[in-house]
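First chain A sits with chain B, and in the next complex the same chain sits with chain C.
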Partner chain A sequence: MMEIIQSKHWVEWLITISKFAFAFVPVLFILLLIPLERRGAGFIQDRQGPNRSYFKIPYFGRIRFFGWVQDACDGIKLFFKEVYAPSGVNKLIFAIAPAIPFAIVLISPCVIPWFAPMIFTMGDQVIRISGQTVDTEVGVLLLFGLSSLSAYGAVLAGWASKSKYSLLGGLRASAMTISYEVCLGLSLMGMLLLVGSFRIDAIIAWQEANVWGIVAQPVAFFCFLIAMIAETGRAPFDVAEGEPELVAGFHTEYGAMQFGLFYMGEYSHIGINSILVACLFLGGYSVPFVTTETIQANIGVSLAVLCGVFVIAILAFLHLLYRYSRWYKTSAASNKAVILREYSLYKILGWAAIVVLSAGAVVSALFFHPEFTIIDGQAVYGIGAALGTALIHILVLLAKAVFFCWIWIWVRWTLPRFRYDHVMNLGWKVILNIALVNLVVTAIIAKILGGR
Partner chain B sequence: MLALIYFSILSVIAVGSALCVLLSRHPLYGALSLVVSMVSLAGIYGLLGSPFVGVVQIMVYAGAIMMLLTIVIMVLNGARDSKTPMFDRVSLFVFPSVILLALLLGFALISTPLAFSPETWRGSVALTSATLFNTDANGPGYFLLFEAIGLLLLSAMIAAVLLAKKNLGSKESEETKEVQ
Partner chain C sequence: MVRQIKQKPMNWTERLYVFEACRGMWVTLKHALRGLLRYETLPTVPYPEIKPEIRHTYRSKHRLMLRPDGTPRCVACGMCAAACPADCIYIEAGEVKDGRIEKRAIRFDIDHLVCVFCGLCVEACPVDALRMDTCDTSYVYRNREAFITPMSELMRWDPKDYPQNDIQSQMAPGGTKNKQALEAWGLEVKKC
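Right, the complex of A and B next:
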């Protein structure tokens, strides 16, 4: 046992173990996605969305945090409701079923590369750390296998509820998953053919060296995106829940946090799928037009640019707040004094963040010039530069993923839902064939051009 | 050392859930135990240096095939079959053959020396594809079998569809066609 412990530097152990925290990233996406979904739906349907709940703090009064407080209240309500099962259900499977999709979501992120492989010197040692938690050569396949397992949650819930609506919902969920799993795999094959590996970090490295997947495989990208949206079982593909037909589908009989687990499983599934699409077709952690080596060589300036991006985002947000404030001042709203008070807190926080970030940008641009040593004809920097690069990579990946999350919400609230047989027709007769043709064409072109 | 610990855990789960398949009264519990057994087998494949085979086991067997089996049990006879007797006349043939197989396997395991190192790659992606699609004239020629199996599965699928639509062309089957 001591040999295993001593085989790595303690810093390497620390980073390797802390990489397990990435398992919770899709779960943290829930915190972002639920407010985004509710307020986004409000935005698309030209209404406010939930924003009335608040907590009180001394000077600034009622703080609503743009609806976050409402979502926190809903979450707390779900946690403290009585866990209840109707009589006649199969108790064991009824209790296990909601945990399955959620457990799968916690395992899935292990093969996602969050940053380019770190190489840095520590004392006289050179330390290499890969970007994913589990460094395996079957990356994408493992993700697909796990997501095909997660359909058991819906199927078993549907069966154990002993209700016709639930059973129909469960059967539909499994049929959807099986058929769109095929489309998913097949549309990705063209990309895998070009890269020649199942490893997600190899796919990202290929995209960094050549072009993004969305340029190389545009048809595959759209097939993949549609299949992904269908696989999460949201509108317009919500035949498994099917509110007009099946009450609530497979989770009709569930309440309290058991329902909450399905809900959280669905949202974290969106999170992991967005990260996957960003990795496979949008270059993952790679920054457009800038190579990892350039970032490492100018790490101080890169961090300054990162701070600058944040400052611009906060400035845009403040601009919005000032416009709202101006509008409220002239309006006849009865609660405008309260709202203006609340906004003043956000303004103070925003300006403070801008000051801190600008100071950080200036300091890092002027004083952060790490030393390097040449190893195997390659400049290797210290741990500071490596961690800074990893931070930039993680944030870039998350930004791309959040963009796709918005696409998920956008699609859900703008398109009418499909009927069940239309979904099956779309899957088997349209997307599957397009993906097949795309694969053949890609193979021929790759053979002519590359000759592999 | 670590590989041994993982192997012990996984093998206990695999054998235990395989026993559950045999002993469970309800067919659905049996199917679910089979899923658990298959997933832990996939883990053992991974330990043997064959991550590709392990993942394919999860995707194809635990994911797709067992899902279909579960659905069939649910829809057809999930409620009625819960009183299936554990032993019947078929067991008379099954038990001796199982014991015989166990003896045979035990003999084979004892007689061959076990040279096992978990670091050796046995079923990685590159190795599997190099073996399966080796098109050399002197190669094993598995790719021909691969294509033949593809054709066999296709014809089996078409036959299944034909059997399912017994009265193909009759008035009833025209009416049950899905609404376009």
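Right, the complex of A and C next:
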């Protein structure tokens, strides 16, 4: 036991163990996705979206965080509702089923590479820490396996609920998962063929060296995206919980936090899938037009640029805020004093963040020269650059993933639901064939261009 | 006769669905960006704080028009009550001492729970005593009796809330044309 612990330096242990925190990233996506979905849906339908709930703080009064408080309230409400099961259900399975999709989501992120491998020299040995929590050879396969496992939640819930609607919903969910799992795997095969590895970090490294997957394999990207949306079971593929026919599908009989678990499972599934699509087709953590080596060589400037990007984003946000305030001042709203007071908090926070980030940018550009860091009296070469690069990579990956999250929401509130047989036709007769043809064409071209 | 509508058959790009879906996505994206970047132009407004503009032609709560001296114009002829399809107007006539008109209303109740807001009473009134242009659309009371609006309530309106070109309203006490009207009518404001 002591040998294992002493085989690595504590710095290495610290970083390795910290990577387990990435398991919670999809869960954090829920916090982002629910307000994004509700306000986004509102804006798409020319509504306002939830903007009522607030909490009070001294001086600034009612703080609504652009509707985010509403989602927190809904969560609290679900949490404190009575857990209730109809009579005649299979109690054990009924209780376990909602936890399955959510538990899967906590395991899935282990194979996602969050940053390029950290390499630094400690004394006379070179230490390499990979970006995945679990450094495995079968990354993509493991992820597919896990994400199709989440269909068990729907199937078991449907089976245990003792309700016709639930059962039909569960049946449909399983059929959907089986059909679209095939499409998912096959549409990715072209990409895997080009890369020659199942490792996600290898795929990202290939994209960094050549072109992004979306350029190399546009057809595969399209098929993959459709299959992904279908696999998450959201509109336009939400036949498993289609309201017009099946009430609410497999979670008809669930309420309170059991329903909340399904809900959260769905959203974190979207999160993990967006991260996956970003990894496979949008270059993952790689920054566009800049190689990892360049970032590491100029880490001070890179961090300064990162701060600059944040400053620009905050400035854009403040611009919107000032426009709204100006409009509110002239409007006939009876609560404009309250709202302007609330906005003044955001303005103060925004300007404070801009000052801090600008100072940070200047400091890092001028003074951050991490050739070596002294840890425990010995010089460690390159750990500062490695950590800085990892930070940039994580943020870039998350930005790409958030973009895909928006696509999920956007598609849901645009397209009408497909009929069940249309979904099956699309899966088996269209996407599967396109993916197969894409695979064959990719194989031929790769052979002609002198691949393996 | 059955009218047959010929639907244009879809061409191949439409049948592919993908391009049409993308077009739909573009439409919704425009709406979403409008909400995000031009929030103030959203057609829906947060209701109790910002109220939508209601025109004076909208048939809302009734009001009784006033003479320049502040008495109601109503001559208690009962035309509005006769015209009312919902029977929600109750009028009690009384005697008038000064001889200008024969009768006056001593009770004029409108039951707003029964009223259907058709506006026929306004059409029927021969002396333009009843109007429905208060723009007041909210009726919130605790019991049924409170929905019966008495004459004092119907007369309680402010000429300042009505446009300047609405001369009939501006002739009421407090209006800009009140003084002129009093002179023209040869009336003086009673002190009571």
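Criterion: the second predicted complex is superposed on the first by the 437 of 452 C-alpha atoms of A that agree within 3 Å, B and C clash if a C-alpha of one lies under 4 Å from a C-alpha of the other, contacts with A are read in each partner's own complex, and residues count from 1 in each chain.
Everything that follows uses one rule, which is that a residue touches a chain if its C-beta (ideal position, glycine included) is under 8 Å from a C-beta of that chain, and two chains touch if they have at least 3 such contacts.
Computed from a predicted model, the values in this text were never measured in an experiment.
Superposition note: with chain A as the common reference, chain B and chain C can be accommodated side by side.
In the superposed model, chain B and chain C sit 120 degrees apart as seen from the Cα centre of chain A, a figure rounded to the nearest 10. Once the two complexes are laid over each other on the shared chain, residue contacts for A:Trp159 go to chain B alone; chain C is not touched.
In the superposition on chain A, A:Val215 makes contact with neither chain B nor chain C. With both structures placed on the common chain, the touch criterion links A:Ser148 to chain B but leaves chain C unconnected. Contact with chain B, but none with chain C, is seen for A:Phe198 once the two complexes are overlaid on the shared chain. Residue contacts after overlaying the shared chain place A:Thr136 against chain B, while chain C stays out of touching range. Put simply, chain B and chain C get as close as 13 Å, counting only Cα atoms, in the superposed view. The residues of chain A lying in touch with chain B in their complex are 1, 4, 93, 136-138, 141-142, 144-146, 148-149, 151-152, 155-156, 159, 167, 170-171, 174, 177-178, 181, 197-198, 421. By the touch criterion stated above, chain C contacts chain A in their complex at residues 21, 24-25, 27-29, 31-37, 39-40, 42-46, 48-51. Within the complex, the chain A residues that touch chain C are 39-40, 42-49, 51, 320, 323-324, 327, 331-336, 410-411, 413-415.
Every residue of chain B that touches chain A in the complex is listed here, in rising order: 1-2, 28, 32, 35, 39, 51-52, 54-56, 58-59, 62-64, 67-68, 70-71, 74-75, 78, 124-125, 178-179.
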